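Okay, got some structures for you below.
In what follows, subunit A forms one complex with subunit B and a second complex with subunit C.
And now, the complex of A and B:
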């Protein structure tokens, strides 16, 4: 499990998004999902985003605790309500909407 | 829920839905089974398994093909076309049946239709005509595929070349038929050989007897004795081989009758006494504990085994003794006979092979004592037939113990038997004092047999006439009848050229001849006696002619008609 905070965040916000991406390490859809998420987060948003990567092949019990049954699955655990997106996250705009993110205006 | 929330929820659902539709999923975590599948791996394994299956099918099958629910071939197999030489399109529908060998076609079609009707898997073996004009055997296996509702949607089928297997089966069948034929012809051969050897043996042994009576010079007597001894030995060989072949062919019948145990043992010992005395060996008997007064057993076979074991013991013992010990063992009830000797013994490595046909423990021993090497084989098989067995313990130079055990179900009460005094055992009685009175016709095609029979009977006082075959005999009987001097008895050889003994006997009986006819035959096979009696004979004497038995038999029948 790894926690990363690659986010360039805007100075005036203190709001944070906590995401977990459940992966099957080495599998093509999981690789794509991770790449798409990293690309998506390369843009600036009006909040801080923390991402945790979980390999279900190593930690399937953690996946079960979060009721995650397939990979790749992106889970936003904070703020509530919880958001769960299955798949490679290739439709960036839909993902941004689902995660309630807003791009910084600059 | 405000519109932003709704929008966000829709986006969440849309992203997930799209992902599932596009199969952007690569692992499943099973909540219930707590298991985890890498879908990629599953797919790889499926691919692998499919590949393996294909390789397997392609390497074993001549052809695989698909048919619709009605059994019509819808997908043509290129390997089928290649194999059978059918043109593209020809194997579709029921066209493939045209490649089936004409002799098998109707049956295959009927079975195929029946399987379709039953909607059940089907397999059969038949010949396929190949493109090169040859035909080969194939094994067809077809199975229906069903929809989830259970309806047959199509048939899948596979042909496998089984020509090699069929060839092997045919060769086995051929070998079996040949073996059966060989067994049959062996039986016939043995019967014939028995005849061919016994008949001349009659002459050899008979003339040796006659010659022996005329000789005084010890050297000459010894020569005649040698002829006699070897003649008897040769007869033993023939009898042993006949016995063994009868057991092998399952034609030896085992009777069961109530026999007095001590009496049987006494008989056996008195027969062996002479041989033991010749070698100056004491022949002892001992009853250990109480033994059954009677046994339900085949006395002929039990006697045969005991005689064989005792005669072996005497044969292989030069000093010391030979002893027969009898004891009873219960649970299960059986009687054990130990034949104990102080002879040359058997080495341990030879004990294994002792009961195999044509084996004797030591070649040097064989040369000095003779024997066919069949005796123990026969004994063991006979013992098995009496629901028992034979075992052996031995030490070279110290002696042997052969233990015969026989089943004693239904035995009589247990009694104490004291060994009978062997001094009292009677030597076999000779027939020198039997006098024959009567007019006897001897019929045989062989001059030497006629001469012997004539001599034996004349010496005993009978008046003898002879005939050379059946027709001759009929004429002679009729002539003497007309002359008012009918024959009192006829001795009839059964195997003769022109008219044989069976036909002549039937003819004599149908023409009213009512005096005894005694059959003379070299055939020792079972059933011969019945055949002679059926033809109209009253009794039966086997060649070679044993003077005592012959005269006693003739005397008995002459006496009966008064």
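And now, the complex of A and C:
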């Protein structure tokens, strides 16, 4: 699958991406999503990426607040616009595109 | 030895399977006690069928009884629900503050990117948290089909329904799910009908321009249920269903009740039969309202109660026109002996009219009921609707021992005693016809008793006048007999 490199807007290049991964601890989909996200973030990008892991079973009100009805859900809360990605995050390129990230090597 | 579980339900079938009374008027009768305890039930229906209110009432009534419940809404906003509930006379907020009721409004994610498989784990976690917080026993999930739209394939939807159903079962929640009926959702809905222990269908049909909601129980695992379609009404108190068992034949009080007109009493061997139904027919101005009012006033003077249902005119117009013939209905109203309900037949469907009247009869407990006039009931939608209304009202009155006076307005064209306009003359116990004509300058009125069950009544025409103190029947019989004088 060919994915076009997103054109980063000037103010996004130096910003930090703030992500929250909502997981149902112990569920296979959630385990896969965490592993896929960690693999994805092993590469270098043109900005800082911060990830917060939230177990919905512990923090259900936080999940409700963020409209997280399905797990796993990855949210980018900053910079706006917010991005919601649901699923195991298995398509690395789809996720990178959705998060408006650019690999440093490219 | 363990004592059997406390059974608050008056139903003989309650006990197995264990049931939870919904508290919804009539529904527990239909379900022979209530919904299956700790199991999932399903309500399916089209838009406007009343699914949301039914589900909310289940949670609300539970909370009132001290059983905490959760209402999950995927369609209606929580604040709108509170407003709608308020309009039905339910105040949810105190219950929410006491931790007896929680409304969860999960906002559906509007736009999202999909990558790999996912499940409703987030929702179940949210539900889990709230169930624990409230120690909830009841859960209603309204418009569960909206949640399923997050999933593209049929297989995924089905899998998630299983997950939800399994979770509810594991939590021993008495659950009520609502789903829209529609071709798109049909497949997964069908699947849920197999899973659920109890399935009900609600619909909202229009017949003769009047909408009627109906409920039907499709299945109830391990339990009997009343399988007919039951009309239901959304009233100011919530949903109300009317199982026909409500109109069982009940006690009948024997004896005669004075008509309020001494001469008429003698013609009827003492008066109308108590707890019976008397049909009085006649054209406009023939004296139907007067004869009924005179009966009502006489009853009020004996400290009996009369409910006067007026489909023809307003309360003021009724009291003032009767005042002009010397009948002071207003003081009887003021004394609380007489209650007049003036309503337009077309203002509601049969079910709603019946519901309000049954409620009025139950609350006011009248000894006698007047309906002025039954011919106006056609405006409830159709002749069938009117017939249905009158028969069920009559049946209800018989069960409560209430005397019914039905006034029927005939048209001048119709033969005087062809009174079966709405087809109920065979069901009534007594039939009286009032006729009038205008030979020369005279307004001539006469009265004929066509039938009066169980009594040797007069078979002759009797002249009468409407004076400033009501109806006065002449002592002597009119010359012609009924047969000779029958219409042209």
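The rule is simple: the second predicted complex is superposed on the first by the 91 of 106 C-alpha atoms of A that agree within 3 Å, B and C clash if a C-alpha of one lies under 4 Å from a C-alpha of the other, contacts with A are read in each partner's own complex, and residues count from 1 in each chain.
In the analysis below, a residue touches a chain if its C-beta (ideal position, glycine included) is under 8 Å from a C-beta of that chain, and two chains touch if they have at least 3 such contacts.
Keep in mind that this is a model prediction, so the values were computed, not measured.
Asker: Examine A:100 and indicate which partner it touches, taking first as subunit B and second as subunit C; both and neither are also allowed.
Answerer: First partner only, subunit B.
Asker: Have a look at where A:56 lands relative to subunit B and subunit C in the superposition and call it first, second, both or neither.
Answerer: In the superposition, A:56 contacts both subunit B and subunit C.
Asker: Let me test your reading of the model: by the given contact rule, A:29 touches which partner, first (subunit B), second (subunit C), both or neither?
Answerer: both
Asker: Determine where on subunit A the residues touched by subunit B overlap those touched by subunit C, and list them.
Answerer: 24, 27, 29-30, 32-33, 56-57, 60-61, 63-64, 67-72, 83-91, 94-95, 98
Asker: Show which residues of subunit B lie in contact with subunit A when the two form their complex.
Answerer: For subunit B paired with subunit A, touching residues are 4, 7-9, 11-12, 14-16, 18-20, 22, 24-31, 34, 36, 38-40.
Asker: Any idea which subunit C residues touch subunit A in the complex?
Answerer: 104, 106-109, 111-126, 128-130, 147, 150
Asker: Which part of subunit A faces subunit C closely enough to touch in the complex?
Answerer: So the residues of subunit A touching subunit C come out as 22, 24, 27, 29-30, 32-33, 36, 56-57, 60-61, 63-64, 67-73, 83-91, 94-95, 98.
Asker: Would you pull the subunit A residues touching subunit B in the complex into a rising list?
Answerer: 24, 27-30, 32-33, 56-57, 60-61, 63-64, 67-72, 83-91, 94-95, 97-100
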